[in-house]
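Once you've had a glance at the structure underneath, I'll fire off some questions.
Chains: A, B, C, D, E, F, G and H, in written order; residue numbering restarts at 1 for each.
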Amino acid sequence: MNSEEILKLLKSVSEGKLTPETGVERLKHMPFEDIGIAKVDHHRALRQGYAEVIFGKGKTPAHVADIVRAMLRHKDSRHNILITRADKKTFSVVKRVSRAAKSHPVSGAITIERDSTIRGKGTILVVSAGTSDIPIAEEALLTARMMGNRANHLYDVGVAGIHRLLEHRSELTEARIIICIAGMEGALPSVVGGLVAVPVIAVPTSIGYGASFGGLAALLGMLNSCASGMTVVNIDNGFGAAYAASQINALAHHSA
Amino acid sequence: MNSEEILKLLKSVSEGKLTPETGVERLKHMPFEDIGIAKVDHHRALRQGYAEVIFGKGKTPAHVADIVRAMLRHKDSRHNILITRADKKTFSVVKRVSRAAKSHPVSGAITIERDSTIRGKGTILVVSAGTSDIPIAEEALLTARMMGNRANHLYDVGVAGIHRLLEHRSELTEARIIICIAGMEGALPSVVGGLVAVPVIAVPTSIGYGASFGGLAALLGMLNSCASGMTVVNIDNGFGAAYAASQINALAHHSA
Amino acid sequence: MNSEEILKLLKSVSEGKLTPETGVERLKHMPFEDIGIAKVDHHRALRQGYAEVIFGKGKTPAHVADIVRAMLRHKDSRHNILITRADKKTFSVVKRVSRAAKSHPVSGAITIERDSTIRGKGTILVVSAGTSDIPIAEEALLTARMMGNRANHLYDVGVAGIHRLLEHRSELTEARIIICIAGMEGALPSVVGGLVAVPVIAVPTSIGYGASFGGLAALLGMLNSCASGMTVVNIDNGFGAAYAASQINALAHHSA
Amino acid sequence: MNSEEILKLLKSVSEGKLTPETGVERLKHMPFEDIGIAKVDHHRALRQGYAEVIFGKGKTPAHVADIVRAMLRHKDSRHNILITRADKKTFSVVKRVSRAAKSHPVSGAITIERDSTIRGKGTILVVSAGTSDIPIAEEALLTARMMGNRANHLYDVGVAGIHRLLEHRSELTEARIIICIAGMEGALPSVVGGLVAVPVIAVPTSIGYGASFGGLAALLGMLNSCASGMTVVNIDNGFGAAYAASQINALAHHSA
Amino acid sequence: MNSEEILKLLKSVSEGKLTPETGVERLKHMPFEDIGIAKVDHHRALRQGYAEVIFGKGKTPAHVADIVRAMLRHKDSRHNILITRADKKTFSVVKRVSRAAKSHPVSGAITIERDSTIRGKGTILVVSAGTSDIPIAEEALLTARMMGNRANHLYDVGVAGIHRLLEHRSELTEARIIICIAGMEGALPSVVGGLVAVPVIAVPTSIGYGASFGGLAALLGMLNSCASGMTVVNIDNGFGAAYAASQINALAHHSA
Amino acid sequence: MNSEEILKLLKSVSEGKLTPETGVERLKHMPFEDIGIAKVDHHRALRQGYAEVIFGKGKTPAHVADIVRAMLRHKDSRHNILITRADKKTFSVVKRVSRAAKSHPVSGAITIERDSTIRGKGTILVVSAGTSDIPIAEEALLTARMMGNRANHLYDVGVAGIHRLLEHRSELTEARIIICIAGMEGALPSVVGGLVAVPVIAVPTSIGYGASFGGLAALLGMLNSCASGMTVVNIDNGFGAAYAASQINALAHHSA
Amino acid sequence: MNSEEILKLLKSVSEGKLTPETGVERLKHMPFEDIGIAKVDHHRALRQGYAEVIFGKGKTPAHVADIVRAMLRHKDSRHNILITRADKKTFSVVKRVSRAAKSHPVSGAITIERDSTIRGKGTILVVSAGTSDIPIAEEALLTARMMGNRANHLYDVGVAGIHRLLEHRSELTEARIIICIAGMEGALPSVVGGLVAVPVIAVPTSIGYGASFGGLAALLGMLNSCASGMTVVNIDNGFGAAYAASQINALAHHSA
Amino acid sequence: MNSEEILKLLKSVSEGKLTPETGVERLKHMPFEDIGIAKVDHHRALRQGYAEVIFGKGKTPAHVADIVRAMLRHKDSRHNILITRADKKTFSVVKRVSRAAKSHPVSGAITIERDSTIRGKGTILVVSAGTSDIPIAEEALLTARMMGNRANHLYDVGVAGIHRLLEHRSELTEARIIICIAGMEGALPSVVGGLVAVPVIAVPTSIGYGASFGGLAALLGMLNSCASGMTVVNIDNGFGAAYAASQINALAHHSA
């Protein structure tokens, strides 16, 4: 089948109906464009307006600065730049590369905002259980915003004081997607999932001690949630949850 | 808003249009019925057109039949009924309760379809790695369909033969949400997630032996995926993945 | 050395410097006063009025029957007899030993009630999350009752439908001790613990699949609960929770 | 009851004694005020006389000081204030906020005692196995005292020298609730539980090395204890155990 | 670059130097033959002369028979067929499809030998520690042979009787690749690896009880081996080890 | 040194004091008989008088019978034969091979006693915590006896009733080596180890449920015991403990 | 009751029917003979001549010095003093308390030798696999020596170079008890256990990386050893192994 | 057979054809040279031309320098020297021992190249998933090269951007052995294994966070790979993988 299409194209070239140059162009955009896979990332970026992201942890300040510089060089790109889990030193170096760099010390994120267009179709609400979960929540919040979404937060509404959560039911219901962040026993998403009909993405955090085993307790809790329809990301992965939420929020009315 | 409704009611009482006693009754059954939380489930069902679901495992055939009977009694509800993980005996008993019951032996599901309206906005694609993962894939597929979604499948496209997957790239790109099911090392969602820009929900399965530890290997693999934006559900939870996908597919253009 | 002290004491008795009676008193308050330990179990039974308990699992019907027979032989004891996790065959054999034996097939318990005195000071409320947790809940309920407590239950009030729980707040508040039973993510005790000021004993159950790892998820969740003051027992240990609850409920106003 | 209050209010509106507007206001602040759930914490505090507690770990000294300041501002509250797991720097900052602040370096606790009333009905005895467990034991002891309980301790009575424990049997028997703290193999609570008839709350500690796996060995040991009626809290959770003990010790003779 | 090559080709077609048909053929075998990926499996089979393999476990006898029938239909293929982990019933059904089917009850394998050519360059030696490991050893042995290798075995030479192993040193030294199979503590490969200079592939087995945790002890032992150059496969994966050994044994003198 | 001995021997051969044939024989039985390693097992048996042992689990009755037959054929050996973990069917087959075979259904052991000489220097005492641990205890007891030791038992002396253990202190003190068997939390060896000065070998059992994780809790407990000098064997390994105890009991006054 | 017996006895003494000396004898063998428990530790020390031991880790230098000072104060005791896992600072403080203190920096031990009598009946041989295991080996060696044993070592004889071990067979055979120390896969004790007939105590170490999981791999390997009669202690517990070895080495010819 | 050779030798001695001294020498180098095992390492080195390797981690700079010095002293050996996981300080000390020492700071390796002969028969390709995996990849690359192999690398070709990998298919196909390094979910080897027919050795890395559990996720993923014929080494063990690859690459055409 593919061969037939190629044959047809080559015959057109052979018959002079198509210049070789146009033939190459057509071939590029045809079935054997498996080739084109290499551009997928680029296309996704264009369609979703998301930020270029650098995972800062484990990279030297100089390394991060290099990547940022390379990103800024793409003059025609106006994507936001998000650096997660960076330390103070990295920020001071990045600041020298771009005056627009902004530090968010709670989550360790650095942002370079170049495009404030809202592309997401509704609001992403970031809900967190305890004050210790806020760094992860902030990472999620910043990611969602840098990727072109309206994003709010609702902090310190753990399940042991269920009234605090219930008082905010209207905010929960108004959200289009909820990112629910909790350490320790990770029960919050189960309760939130039972109160709303929108997608809930659960983020376990490594907050806790003893038998929390670095977030394992929260992770297992969320995976076993009795609230149908909840999905889960890795421990402390605020970025990943917001990325997924942004993808959902970017869905066109009909299939992409 | 709530306050306005209460004010209206109290004015009626004040004007004698309503006795205090009736007022109390009305208050009890009104919006501030936090109280009203109890009806949330019902409301969600109405909004999403999803099926009533019974988790069959661990329930006696008689118990399942009783629940089905109760569901059918609600004359005005036309919801589809889905029973997951049921055995042959349960089917034969349910069949006696409803002639419309249909058995799906691969996944152990039973469906009673009463409403074939498509409510989801795009197609949910169920992708699975190996033939042994098909029972879980079928559970996901049936759940998606019973909840009012267009749903297709793509089976046996494991990463060790990456060409099989790449040959189906158009199907991947046409989907609005992808449910990606894999046992053993659970690598499929990472590859799929790198090929598409739509949400990918990963389902680890317990397929494997030795160091698969009942699906743990696949689960950890998916949680640590290098493909941003993937979310994960419990091992073998085809139902949960489809439920989440259906919630996403049901999202209105603007915030719910 | 000890011998020397005793010898000195006995010499004093021998020499008439000490009456034998004072000698006994002195001996009692000396190093060897560890004495009475052997009778502790017996004393505890008398004081608390609890049941004699046989853990049925792993014992042959004949073995269980022998123990029951031995218990019934103690004519002056009127303690209730509770056999947990017994099968049908065990019941039929026990029934032959005592006409009063009663089978509780949901939990697999057998009870022989000989004393219906209420000794506990308040009500023990057994709350469970899902219908599958009921066997463990029933074990807790029967244990509490056989040990002389008033005990009620509240079933199927999982956190994903928080309203169902909130509707029963008065029952929660009226209880003196709450036993809270949940499988899967085990979040119920956290929510209940936040609603009441009385002791909550959490029982994780092995209900679940995949990443529930036989109750490990629920257990870790409960141990990491953000609700202060909750304590936890072993997976599926309804008996142990009720035993602990009964001990608390038996506490006299002042220290025992 | 609630209904009665509402009826009374509505009658006042009906009779013109109350304008509908005032009625709305009153309703908002009445029993159905969510329904007071938001005040539950407050009520519990009043009833139990417990301390306000701050988990110090992971909070900056400034943050802790802010919370303490806010607590002290509630002029009418005379609750004790307990800060757990604080470092030296936090203490020096808190000391500046309140002259009454007292440092307990072994456990890292800071206490501000404002109310020395004894409310608990009996003595809480804190028993620990090894000298390394003392920091956790002290946390439990201070928590119990700050919450208005008489609390004693019995240190270094591990099971490998059972005689040391047996020599203190009278202290064990005089306690109303026992908190039993042990690392390594965590066997102490099993032995203590067999010696007394009062509730035993077991606290595993992270003391040990190698196969203690950060307290997992002690935790599993306690959960599997053959001593009926023991309950368990998280690893190193001396606070939680004392909180639970205080709740038990506060139980009125008849159901709350 | 790719584009340039394509352009050159198309110009040749345009200039009549190449017929369109030949152009298609060339394109197929050019850089964009990613296309060709789909045939990789086929090519590998041709090159290595390996068997078609069916993992029997979890497949119905009928399903296995269908696959075998399909394999036999490819008249020009003379590959051996290997079915692993099949039961008696599967064998009796397969036997009906092919008279040449042979049962190997120890490992549960079924073989249909159609090609006895030796393609491997040296001998693969399968060494196993205990008699209980023989089923896995036999699976490895049969796989190696069905894939065209000379393969011998050396059974029951566990490390606790090191002399038994040392007596067979000449067999060890004569092998080109050694597959070393052991359950329990899995120490055999460490010792064998220290005696030879050829590749050692270690297979942990699930043989053992208690703290062997289904082969985890042997797996961890092998991964941590102090014998450099050993590699490991999944627990009980005799097939995988032999497949890898066969790939090594098939390596041409110069790079493939 | 070795070289010197060889040199001496060769000189004797050279001087005709020794025939070459005798030289070969001597060499075979000399220090460099690495050679001789193969006979080590045999020598150990002679020295210790231990039984020939067959691990019955996983072997067919016919296989076990074959091994027994081979053992009996060695006319000059009078070793006892011990088959552990055998089923009824195995016993009936073995009985046919040897009339002397005796079944021990509690532990599943079969013994063929051919030598009742006591070789051990003191008594091995097998202590177990609960009645469910008795099968493992019996395996230990039989192993100890079949290997030529005086062996007694002390059952059902768990730590939750410490007095039962203390009542038997004289038996504990009279033992030369103690094997201490416990499931659940595995605390018994810690207490026993604190009461005696002789070696204690601890055997964790898989008795328990929930968080006992198949004996893991008991195993970890024993490994972390605060009683110095205790050693541990695998879960349920009564045989191994008795084998080790027998080796200790066989130690001559001066180094072997 | 007990009191009555004692009273009767004392009356006999008082009446001259019994000499005080005979009374003491009777008392010793009566119910209250639980007595001596408190002195057991003392007795064990006398009998075995072992050292007083302080586990240094987690104790402040001052705390260690205090304990040492207290030990030295018992003028009549000439026990050796062993401090394990101490740092430099602790040594300098202890040195000030006792001039005889000696530092062993490889293992972090401090010894104060006051008695060099050899009490053990044979030689304890400490065998270790790798150079990284030497700190644990030294701890074992020092413990054995301080407890009055002849102790040698054999280092760096890992199983991947089995010849190094075999060259030292005579040393292995001459030992009365072998302590076998290994990290990584922990296979050494299996091989050693197969070469000798004396007790082998295995010590897993935390040496390794990746899947060694802090010594878990070695621990599991040793517990599952196919060499009968090996026993195991906690990870890195060189002290415990030597303590156990010393107990065995101290066993009198006939039962203690 | 052995006996016959020895007999022949002794006869020669007896007949004066051989002096006893020469006889000893011959015996040393004869069949009972099991003896000779001690030289195996040496022989292997000669045959394979591999480097002398020092595992730097945990060794002091002085210790490493001593070993290097000893290696350099063997004048006739021209082996390369490889020190893995060394720090800066170690390098500066080693540099003083050998001017030829070269530091590789990314992997922490130090190399002293003395022999650049290529002995391996084909190219070893080191493929890695993310930039964070490069240190392990470099360790593998250096090991392969120091052991006399041609070795290339292909970095940053993770599965979430499958096109990057596919673009390099020719490099994959040209390799003789592939070392595939990946952290996080460890899926890369599965995809690579499906694209090539040569041996693939997978190295899981500890790169990742949360549920990567220090590389466990990647390790389990690789062990469960659906790509037949892949083998796995320990987490972060780049050296081991390259050592194994070198052994495979050194295989002569016919069995060694």
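Note that in this section a residue touches a chain if its C-beta (ideal position, glycine included) is under 8 Å from a C-beta of that chain, and two chains touch if they have at least 3 such contacts.
Predicted model, so just to flag it, every value in this text is computed and none were measured.
Touch-path distance (fewest steps) from subunit B to subunit E is 1.
Shared numbers divided by all numbers used gives the overlap of an interface; between subunit D and subunit F this overlap exceeds half, so the copies present the same residues.
Between the Cα centres of subunit B and subunit H there is a gap of 51 Å. Computed centre separation for the pair subunit A/subunit C is 50 angstrom, with centres defined by C-alpha atoms.
For this pair, subunit A with subunit H, the centres built from the Cα atoms lie 40 Å apart. Shown for subunit E are the residues that touch two or more other chains, namely 34, 37, 40, 161-162, 166, 194-195, 210-212, 216, 219, 223-224, 228, 234-235. Chain pairs that touch, as defined above: A-B, A-C, A-D, A-E, A-H, B-C, B-D, B-E, B-H, C-D, C-F, C-G, D-F, D-G, E-F, E-G, E-H, F-G, F-H, G-H. Of all the residues in subunit G, the ones that touch subunit D in their complex are 34, 37-41, 57-59, 204, 206, 214-216, 219, 234-237. Across the interface of their complex, subunit H is touched by residues 3, 6-7, 10-11, 13-14, 16, 19-21, 23-24, 27-28, 32, 34-35 of subunit F. Taken in their complex, subunit E has these residues touching subunit H: 34, 37, 40, 43-44, 47-48, 53, 121-123, 166, 169, 173-177, 194-195, 197-199, 201, 219, 223-224, 228-235, 239-241, 243-244, 246-248, 251, 253-256. Across the interface of their complex, subunit E is touched by residues 131-132, 161-164, 166-167, 207, 209-212 of subunit B. Subunit A makes touch with subunit C in their complex at residues 129-130, 158-162, 166, 184-187, 190-191, 193-195, 208, 210-213, 216-218, 220-228.
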